[in-house]
Every structure is written in structure tokens, then in C-alpha cells.
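What follows is a pair of complexes built around chain A, which joins chain B in one and chain C in the other.
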Partner chain A sequence: MVRYVVVRLVEALPLIVLLSMVTFALLTVAPGDPAAALLQSRAGGTPPRPEDIERVRHNLGLDRPWPERYLRWAARMLHGDFGTSYLKQRPVGAVLRETLPPTLLLTSTALLLMVGLALVLGLGAGLAPGTWLARGIGTLVLLLYSAPTFLIGLLAVLLFSVRWGILPSSGMSRAGAEITATEVLRHLVLPALVLAVGHHLAAYVRLVEVAVNDVRHAPFVQSAVARGLPGWMVILWYVVPHSLPPFIAQLGTSLGSLVGGAYAVEVIFSWPGMGRAAMQAAAGRDYPVLMAVVLLTGIVVVLGNVLADVLVAALDPRVRAHWASSPDTRVQTSEAYGANTA
Partner chain B sequence: MRYLTRLVILLSILIAVACSGGKKTAGQPTAAPTGTSAGRNGGTLIYAAESEPDIVNPALTEPNIPSGMIFRGLTRHDQNNRVQPDLARSWDISPDMLMYTFKLRENVTWHDGTPFTAQDVKFTIDMILDKSSNSTNRQYFELVQSVDVVDPLTVTIKLAQPFAPLLDKLTIGIVPRHLLQGKDPTKAEFNQNPIGTGPYKFTEWRKGEFMTLEAYDKFYNGRPKLDKIVIKFVPDASQRLLQLKNGEVDAAFLEPKQVDQFKNSDKVDLYIWPTADYRVVMFNFKNSLFQDSRVRIALNYAIDRDALVKSVLVGYGEPAYGPLQKSEYNNPDVTKFTYDPAKVKSLMTESGWTQGADGVWQKDGKRFSVTLTAPATDPVRVDIANVVATSLRANGIDVKVDPRDWAYIRQNWGKLDLFVLGWGSPFDPDDHTFKIFHSSQVLDKGGYNLGSYINPKVDRLLEQGRTKLDENQRKQIYREFQKELNADPPYIWGVYLQAIYGVSKKFQGPKQRLLGHHGSGFFWNVEEWSLK
Partner chain C sequence: MQTPPEVPTVTSTAATLGPVRLSHARRRTRFHPGTGALLTGCALLLFLASASLLAPVFTPYDPLATDASITELPPGSPGHPLGTDTLGRDLLTRVLYGGRVSLSVGVLAAGLSLLIGTAVGAVAGMSNPVLDALLMRTVDALLALPLLVVAIAVQAVTDPSLTNVVLVIGITGWMPVARVVRVQFLALRQRDFVRAAVALGTPGRRIAWRHILPNALPPILAVTAFQVSHAIMTESTLSFLGLGVPPHHPTWGNMLTAAQQHLLTGQWWTLLWPGGAIVLTLLAVNLIAEGLRQRGNPYAIRGER
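Take a look at the complex of A and B:
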């Protein structure tokens, strides 16, 4: 098992390096000039003079060839230095330290909410197939699945903030006031909920529903029922665990889109996280910040995948056995379960 | 970007839907009452700002809202945008206009308690001129030869050439030497924790959320009345509207289309003020089509500016006929172009163009076909481009509208045909004229004359304008300049914008002044604002 984890992690390394190279190359060929963007942003939108652009390009080292810039960047990265933001002219590390915690708070809350909702709705639909309840759940999640995140977000703001005035519409705390846990929670509800339901909730509900349907009549469940165990115990003990592996595999592979969804939600709700920082950095051609955010996101996605595979292996004896018997024919679990985000 | 645009449109629709059913009253917007009573001290004002600055350092950036409250300059603009003493008590100018001697105000302190001295003035201007500081303000001080400290309260500025707008430029905020000396100004921690001499001192900046300023007790002109100002960063226009409506913020910059929401509001006062901010269509003189001034004048007659104001600005603006129209240096007697298709026809015919079977003007087998570029991120400019294009097409010009992002535009100035441009300064008449119309400032020389407009008479007048101190003489010069400009137009004149702010009725104090680009300058007298 340990070997499995180590191998998966080592495999991920070249992927990260490749990601950094591709991102750097893309940013280099993308239109836009960081020096010009910096000057225009400082001048309140007035386009900069060509003369000033040249001066700032030189000061930022942008007049050097890109392979040299990449190597310099990589060398600094290996020393744990993310460089300096062009726009904010502060260490990128400091920007990440400010923006990463809100993003982690938002995504992890959303993830918990989503898992909880998917289990409840999936069980509800799976245990009572063909009833109005199952059909209702199916329709609801299909609607949520089809609507883009920003639409759900705006509707939520419209209802909860404008119509009923019970939840704040944006930000992470009250402007000008001390940060308190209750305030942060109040501000967290809408974005986390929107991210949770807007992000493939339907797929997870379906996964749970199908798995429940599959195992409901399986002999071991029947035998548990026959032994006279109460219904809730059968569900918690026998049904739920068997519906989990495909669910977790799916989570791992689509972690990337969850983070991507978080970025959209952060913009809608003015959540001071990494996604908003990345959007600003993209608009302002702030390459050091962009590189760091892309790389960090990449690492999170890769780690998420590894973690999901490990969890699935831990939950499913078949995968464990497969791996133990022959590493070469091991099943890529996410593929094995046909995780399909579609 | 498209995603964001869609988002904005959607939110606007949703809000319109949510708010329909509310009362709708027609009528002219009322100018908000300017508080005359003394007002109460205390209170916190939360302002919803469109953008968050990356750094707060007036030496390195154009003024922004926090830097205007935290910092003060040697001089300052009053309600009429005229230069008044501020950190400088008085000044002397040598007869050759090359040497300025400033006497500084005594007993001015930085927010950390350190006294303000002449050293700070020298340090600030030197920093702006330092090529490695990336300052956007270098252009304003390029004629400064040296800044010298005579004694702690006297400083001299020596110029290479006479430069009448120097006092105007010295409204720029002075930064403290004792906190920045020996540091790389581009990376200084100071830029995130600014300390100035202004009425409000910086207390907190929660990145991505808001910045908090507090009244500075020892402000030389007396403690400001409001205890606290919170600048909340709300980039989305619909979010600003919503938060002003439900009281999450006390003040916000509004879009023309949002005004209806606050007419006859019992919670919010509207301040609809004029600005010097204009939108025009720039000719690129690198294109041979625009060499003949008759053609450019014809195009000026092909635009219905009243319609532009009505449709794009929802009435919050006025037709433009010159770059100094809102200034005291305005010449109201210049040619004012109106919509006149007959004149378009006669001028085009006069300059040798004939209308082809498709109605488009032709000359030597060449059709009058041009592209009109606009920054895609600026909806007002894209709207202007569309309305102007429709009008031009009706007058025989084949126009294609081409919204582009700024990155593309900045790299292709020289290749554009027509561009929806914005300039206009409420301050010295040299500001936003010399740098955009003088031939020494053309694009290829690295300047702001982006359309490469060259007119020797305009050059001469602009040079005279910046080297004379006498106000009447200058007025004469700039009047002449405006006349010449419309005889040989650099632009298709478009519209002047109005700025609209909504402020909670709990507060009083905003005093009307001609504002700058994007309504900048609304907080010019913030130290006088108070609770009602």
C-alpha cells in the first residue's frame, strides 16, 4: 500500500514540471504585455505611453528571452520563492498566504455539503425507485446540473440577499468590522452552497442511487435483512459503504473542476480567495501570480487523484488485491469505475 | 472576459426583474442637497469602490481614492479646480520661470508623528524621476532638473524649460523619506501600509475585501468629521447597486442605467456631476484616408451627438466640441459640429469623393472603408462605436466595428483606423492637451499622441500655453488652440460624460466640482463630510 502511494506520487512529479513549462510557454505566447498592463492599471485605465512600457519591461526583466526567464523562475521555485507579483509588487508567497485559506475554506465546506447532499438525495432516490420522491430528486438535480454556476449564484443572491435579506451577498466578513466566526459562517453559506449544488451534484447523486440500487438486492444485504437488522443499520452498514468507491473515484477525478468552479463562485461572491486573485492576475497579465496559482491548483488536483485512488483501494478489497498481485496490471481505479463527469 | 460580461448582463436583468413593480417616477434628477448645517461628528462611511488598488503610493500611481485621502501634496485643487497652497504655504517663481521656491507649512506631521520637511519633497520627486521606480507620473516631471533642500521648510525646484503647469502637477501626494529611504520603492512594504500627511490615516487593508481609514487627529487643517471611512472593493456594478440599496454600503459610483432605482429614494441622495471626461473617435493619421481635413470635418458632421447622449448615456452627458469644453479655458465660439448629412455630401464631393452604386464614397477606385475599434471591456465605448458606425454608414462610410481587448489595442495603435478614445482633465489646460496633440508626443516617439496628429500651429500654441504664467494670456492662447483644432480636427468629437454617485442620506458634505476620468475627485473635500 505504501509502495502504491509512493509510486503514484513519484509519477505525478514530471506531470507538475510539464504543467509549469506548458503554462509558462502559454503565458509567453499569449497576447498582452505585463508592463503595459501594470502601467494601465496604475494610471486608472489610461493606456500607457510606449516609452514607459519599454522602461518597465526592462525593470521587470521581460526584455530577456523566455527560456532564460523560465529557468530563473524554476530556480527560484526550487528554493521555495514564488517570485514577486508584477501588479502588487509583493512576494507571491504573501499573496498565496492570504488567498489560499479562504479558497480552502470554501472548497472544503462545499465538498462536505456536496457529499452530504449527494448521500442523502442518492439514498432517498435509490431506496425508493420509481416513486415521486425519486423522480423529484432526479428532476431537481438535473435542473441544478444543467444551470451554469453563475446563474445559480445570482439566483441565490437574488433570493437570500435581496428578497429576504437574510444572508450577505458578497465578501467574507463585514466591511470595516472585526472578523468573527459567525460573520464568516454567514458569508460562507451562499457561496459554499452554490458551489456544492452547482458542481456536478447530479452526477454524485446518480452514482449513489445506482450503487444503492445495485447492492439493495445483493445477497449480503438480503442476508442482513433476513437476520432482522433494523433498516437504518442495513443502510449504514451494508448499503452505504458499497456505494462509496465509485463516488470517491469520481471526486478525485473531478477535483479540478471543483476548484475551477470555486474560482467562478469566488468572483460572483467577491470571496477573497485564490480564484479571484487568479482572475485579476489574468486580466493584469500578472504572470508570477498566475504561474503560482496554476501550479498550486495542479498539485491539488494531482494529490486529489492520488488520494482518491488510495481511498478506493482501502475501501475495495478487489482493487487492493489487484495491486498486491501484480503492479503492472493494476487497475486505474478511476477508469475501472467508469467515472464519467460528462 | 466573455463570461464576466455575460454575468454582468445577467445580474442586471435579474435585478431589473426583482425591482420591477417598484414605483417608477419620471422627471429630472434632482441635484442632491449640499449640507449647509454643521453636521455631527463621528460615524463610519462605507464606500463601494469599483477596483482595488494594487499599491497605495501617490508617487508611483495616478491618484486613487485611498491615496487622495491619506496623502497631501504641496498644492491642492479647490472646488473650481484652481491650484491653492496645501503643504506649501507659499511660493516664489523666478522671472525666467525656471526656479520655484516653496515655503512649507509648519507643524505638519506624518501619521506616525514624524515632522514633515523639505527632505520629503525632494525625496518624492526624485523617486518619481528614478527610472527604476516604474512611476506612471514621470511624464509630469520630466522637465525638472533638480530639487534642492534649502532648509527644513524651504525647497527649490529647478526646471530645464519653463513649465506653467508645474504647480498643478505638484498636487501629487508627498511620501515620507524616513520610511522609504534606501528601500526599493517598487517592493516596499510601505506601499501596503501607507503613511501620509492627509486627513485620514490608513489602519487596515484586508486584501480583496476592504480598506479602513481613520480620522487623523493631528491633521494640520483640523480633525476630519467622519471617524472612519471604509473602502469596500465591489467590482461588479450590479453588486454595488444592490449593496447601496440594502444599506450594506453608504456610497457608490452608479451607472446611468441604475439612476432610476434611486429617484425619489428616501434613503439615498443622488449626486449627478459634470466631468471633463470625453469620448471621441480618434483618426489614425497613418491612414492616408484621413489626410484631408475636409474629410475629417465631413465625418464630424455625420454624427448625431444628441442621439448618442440620449441612447448610450441615457441622457447623462452632453455633446462634445473640444478638449477644454468644461474648463474655464473653453472657447465657446469654435465650430460646433452638428448632424448635417448635406454638409457631409458637399465636403466629401469637394475633396474629390463620389458616391458609388452601393452609396459608399469612392475615390480613384478605392472605397471609403474603415474599421472602428473600441475596448471590449468598456461597454459605453462599444455602444458609442455601434451608434457612431450606424450613423457613418448612413452617410456613405463603410464601417466595421471591432471590439478588442486592451492588450491588442496597445500593441496595434499604429494600425487602427478609428478608435473610441477617452481623455479630458478638469485641471490645468496643458494637462491632456500637450501630451495628446503635440507632434513631439506622437506614437512613434513613445508618447500619448496615439493618432499621430501633427499640426504646426497647434504645436506652437501648446508650447506657448505651457510657458506663460499670465492667466489672460494663456486663455487667449488656448482659445486660439481650440479654434485651430476644429479647423483641422484630430477626432470625431463625441460626448462628455456625467458622473453619478449615490450617497446615503445619513451623510452630508459632497460639494460639486468638475470631476475627472471615471468620476474621479468625488471625495476631494472628504474632510468636510459628516453625519447629518
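Take a look at the complex of A and C:
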């Protein structure tokens, strides 16, 4: 098990390097000269002279070949120096530290909500195939699958905030002095719910439904029923655990689009997270902030993937056994489960 | 309940074949699973596509023409059945013309994904295990990235244009296609007709093109249809965030960016029309994809559900 974790982590490393190269390349081709931008911001807006730009370029090492610049840049990143925001005139690291917790709060709440909803809906549809309930859930899920997250967000703002005035659509910002837990919760409900039902729910409901259908008549479930266990206990003890591993494997692979959806949701609800910071940076051409956020998001998502794989291995004895017996013939968990969901 | 044997000499065969033949006959009269979804989706998509293609027939207005005298008309106003936006542009016109952009971006991007994905998947499925493993690990790795976020970063750096949107969505969307193509190639490579072709000395490229690819088409088409839906969704999201199709083009995502600013004043119609158009289009494409997926499996047994 420990070896599995270590190997998965080592395998994730080249991916993070690749991601950092992509962000570095994007930073390099981004329009605008960082040296000029730096000088202009220091001089309070007056355009700098060409020889000054040349000097600063040399001082910053911008005239070196790109591999050297990349390594310097990566080394600075590893030391926690993410550069300076063009727009806000403050270290990017501070921006990240400020925006990461709200984003983690939002996405993890959304994940929990989604898992709960998917289990309930999937069990409802899977335990009673062919009934109006199953058909209703199927239709609802297909409709939700056909609506982009941001559209569900806009609709939620229109209904819950504008029409009925139940929940706030924005205003969760750090400007205010004291933020109470209830206030945070009130602001969290709507965006988290939108993120939970937006786009992802459908795939998970179907996974649970399929898994439930698979095991409903399986011998180990039948024997539990025969032993006289109450229905809810059979479901909770025997059916639900069986549906979890493919569920978690799918969570890992779709973590990326969940975070992408979070960007849009944060913009709509003015949530003070990384997504909103990234979009403000994109609008203001504040590339150091944008790329740092993209890189950090990517690393979080990649590590989340590893975590999902490890969880699957921990939950599913078959995957664990495969790994323990012969590493060469191990089944890629994502492949073992992804084949029928693709 | 068993069919009485017609000829005494084949009793046992007839007795065992009887029920099978019966259920075969019954199955004939039913549609293959997925047909309903496929046909519904096709009809809906045909309706949406022809409505946006024939936009000039349905509306006399220019989607870009502004008119300060008729701003923010509610739906049902004379001459503007769906109302107008803040700049006095007719919403029906913009939804119809927006469909042209959104649909073509979706189809073109998915086409690009299909090309790249088929190439990579075919190479992985035809080549030696080492290259195959390498390519598939790359696909897995790329799928682990937050691709929408990467697309946002690329779009923020480059100048917004229709071509860029298609390229970004196409290049970030080929991995699922590659997976499906590879699995199909690996499976079909073992089949007798392919082995026969190999035994006859058919060159590998010809085997891939003429023998394997045509047989792998149904699942490839299904996954491509899902990619169309994915591409339309990504385009609308990017456009909504202001990083997709340039704002002067009427697309559904761009219309929703404007709608967001007027939500608080309760102008629900600026949200409902383009939003409804997106949902209907995605519903149509998803139905097609789902129908293709179910029909793509000839071994699917009807009756078990």
C-alpha cells in the first residue's frame, strides 16, 4: 500500500513539471514585456526609455535562453516566490494564500453535497428500475447534464436571490471586519449547491444506479436479505460500499472539470476564491497571478487524482491484490472503471 | 408452453431452438435499444440547426444592429416576440444567429478532437506494447489536468478569435476519443477477419483503414457525439467568462454574459432564451450520443432493461 502511494506520487511528478512548463510557456508568449511593465509601474505610469528596458531585461535575466529562464523561474516558485502582481502591486503568494481557502471550502462542500445527492438519486433509481421514480430521476439527471454549470448558477441567482430573496447571490468578501460562521454558511449554500448539481451529478447518479443494479441480485446481497436484515441495513452495509470504488475513481478523473466549473461559479457569486482571482487577472492581463493560480489549481487537481486512486485501492481489495501480487500486471484503476463510463 | 416439435427426428434441437427463435421473432418487432433517444435527438438537432441556418427567413433584423428606442422590451412585444436586450437588439434574431456560431464551433472542435484522437488511438492500438503504454499514460496524465482551466489560461494569453476557440477546445478534447479508438483497435485486432488480412500480407496501414476502422465506427461516433456536447458546453462557458468567441459575435455564451448584468433587475428573458437554446442543443446532442452508445453495442440484450 505504501509503495503504491509512493509510486503514484512519483508518477504525478512529470505531470506537474509538464504543467509548469505549459504555464511558463504561456507566460513567455503572453503579450507585453514584463520589464517594461515593471518599470512603468515603478515610475508611476510614464513610459520607460528603451535603454532602461534593456538594462532591466538583463538584470531580470530575460535575455537568457529559455531553459535557463525556466529553471530559474521554477526554482523561484519552489522557494515560494511567485512574482509580483501587475495589478495589485503585491506578491502573488499573498494572493494565493488569501484565495485558496475559500476555493477549497467551496469545492469540498460541493463534493460532499454531490456525493450525497448522487447516492440518494442513484439508489432511488437503481432500486426501482422501470418505475416512474427511476424515469423521473433519469429525466432530471439528463436535463442537468445538458446545462452548463454557469447556466445553473445564473438560474439559481435569478430564482433564489432575485425572485424569492431567500439566499444572497454575492457579498461574501473579506472587506468586512468580522465574518461569522453563519454568514459564511448562508453565502456558501447556493454556490456549493450549484457546483454540486452542475454537470457532474449525472455521471455519478448513473454510476451508482449501474452499481446498484449489478449487486441487487448478487449472492452476497441475497444472503443478507435471506438472513433477515432490514432493507436499509442491506443497502447501507452491502449495496452502497460496492458502488463506492467506481464512484471515487470517477471523482478523480472529473476533479479537473469540477474546478473549472468552480471558476465560473466563483465569478457568478463573487466568491473570493482562486477562480475569481484568475478571471480578474485574465481580464486585467495580470499574467503572474493568472499563471500561478492555474499552476496551483493544476497541482491540487493532480494530487487529488492520486488521492482518489489511493482511496480506490484502499477500498477495493481486487485493486489492492493486483498491486500487491505483481506490479507489472496491475490494473490501472482508472482504466478498470473508466472503460464503461467513457 | 414449449413449441411442439414439427419433425420428430429433430425433437431435441427443435425443443431447444424453439423458445430462442420465438424471442428472436419478438425482438425483431421491437426497436433496438437507443433508437428512440437517437431519433428524438436527431429531430431536435435538425430543428435547431435549420432554425439557425434559416435565421433570415424567420427574422428581418440584423443580429448586430442596435436601436436605442426599443431597449429592454419584454417578450411578446409587437415585432419582437422574445423581447430585446439593453442595446435594443432583437433577442430572437440573436438566439438564431448565435446558434450558427455555437453549433459550428461545437462540430468543428469535436471534428478536430476526432482527428487527433483517432490518430493517437490507432497508433497506440496498432503498435508495440511499449509505445502503446507510453501513449496511454500520456492520455491518462492529460486527462488528470484541469483542462478548462488550461483553456482559460491559453485564451487569456492569445487574442480571442473563432479559430482559437475551436483549436483550444479541439486540442484539449481528444483524449476520450483516443481511449475508445485504442480499445476498439485492440479488440478488433484479435478478430479472425483481421488475422486473415494479416495472413494475406496486407500492410498495416491498410488493415487499420479498411478492416479495423470501419468496424470501430459506432463507438467512435458515440464518443464523438459526446465531444460535440462537451465542445458546445466549453465554448459557452469560455464565452460567458469573456474568454471565448469575441464579444461582438452573437453566441449564446456571450448573450449570457450580458444577461448576468441584468439579472438583478429581474430581466429573466435575457437569461431564458439563450440558456434554453443551450440546454435544448446539449439535450439533443446528448440524446444522440446516448442512442449511439446503446446501439453501438450489438450484444445489448433487450428485456433485462
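Note that the second predicted complex is superposed on the first by the 287 of 342 C-alpha atoms of A that agree within 3 Å, B and C clash if a C-alpha of one lies under 4 Å from a C-alpha of the other, contacts with A are read in each partner's own complex, and residues count from 1 in each chain.
In this section, a residue touches a chain if its C-beta (ideal position, glycine included) is under 8 Å from a C-beta of that chain, and two chains touch if they have at least 3 such contacts.
Owing to the predicted nature of the structure, the values given are computational and were not obtained by experimental measurement.
Once the two complexes are overlaid on the shared chain, A:301 sits against chain C while remaining clear of chain B. Once the two complexes are laid over each other on the shared chain, residue contacts for A:80 go to neither chain B nor chain C. In the overlay built on the shared chain, the residue A:268 is in contact with chain B and with chain C. Of the two partner chains placed around the shared chain by superposition, chain C is the only one that A:26 touches, whereas chain B remains out of contact.
Of the two partner chains placed by superposition, only chain C is touched by A:260; chain B is not.
By the touch criterion defined above, A:147 lies against chain C but remains apart from chain B after alignment on the C-alpha atoms of chain A. Of the two partner chains, chain C is the only one that A:290 touches; chain B does not reach it. Of the two partner chains placed around the shared chain by superposition, chain B is the only one that A:89 touches, whereas chain C remains out of contact. Judged by the touch definition given at the top, the superposed model places A:230 against neither chain B nor chain C. Looking at chain A, you'll find residues 31, 150-151, 154-155, 157-158, 162-163, 169, 264, 267-268, 283, 285 touch chain B in one structure and chain C in the other.
Remark: chain C residues 140-141, 143-150, 152-157, 176, 179-180, 183, 223, 229, 233, 236-237, 240-243, 256, 259-260, 263-264, 266, 268, 271, 275, 278-280, 282-283, 286-287, 305 touch chain A in the complex.
For chain B in complex with chain A, the touching residues are 1, 3-4, 6-7, 10-11, 14-15, 18, 44, 46, 54-55, 60-62, 64, 131-132, 134, 136, 138-139, 186-187, 191-192, 206-210, 212, 228, 230, 232-236, 239, 242-243, 245-246, 248-249, 405-411, 443, 445-448, 450, 517-518, 520. By the touch rule above, chain A contacts chain B in their complex via residues 31-33, 36-56, 59, 84-85, 87-90, 95, 98-99, 150-151, 154-155, 157-158, 161-163, 165, 168-173, 175-176, 264, 267-268, 270-273, 276-277, 283-285.
Residue ranges on chain A touching chain C, taken from their complex, read 12, 14-15, 18-19, 22-23, 26, 29-31, 129-130, 142-143, 145-151, 154-155, 157-158, 162-163, 169, 199, 213, 252-253, 255-257, 259-261, 263-264, 267-268, 278-279, 281-283, 285, 287, 290-291, 294, 297-298, 301-302, 305, 332, 334-335, 338-339, 342.
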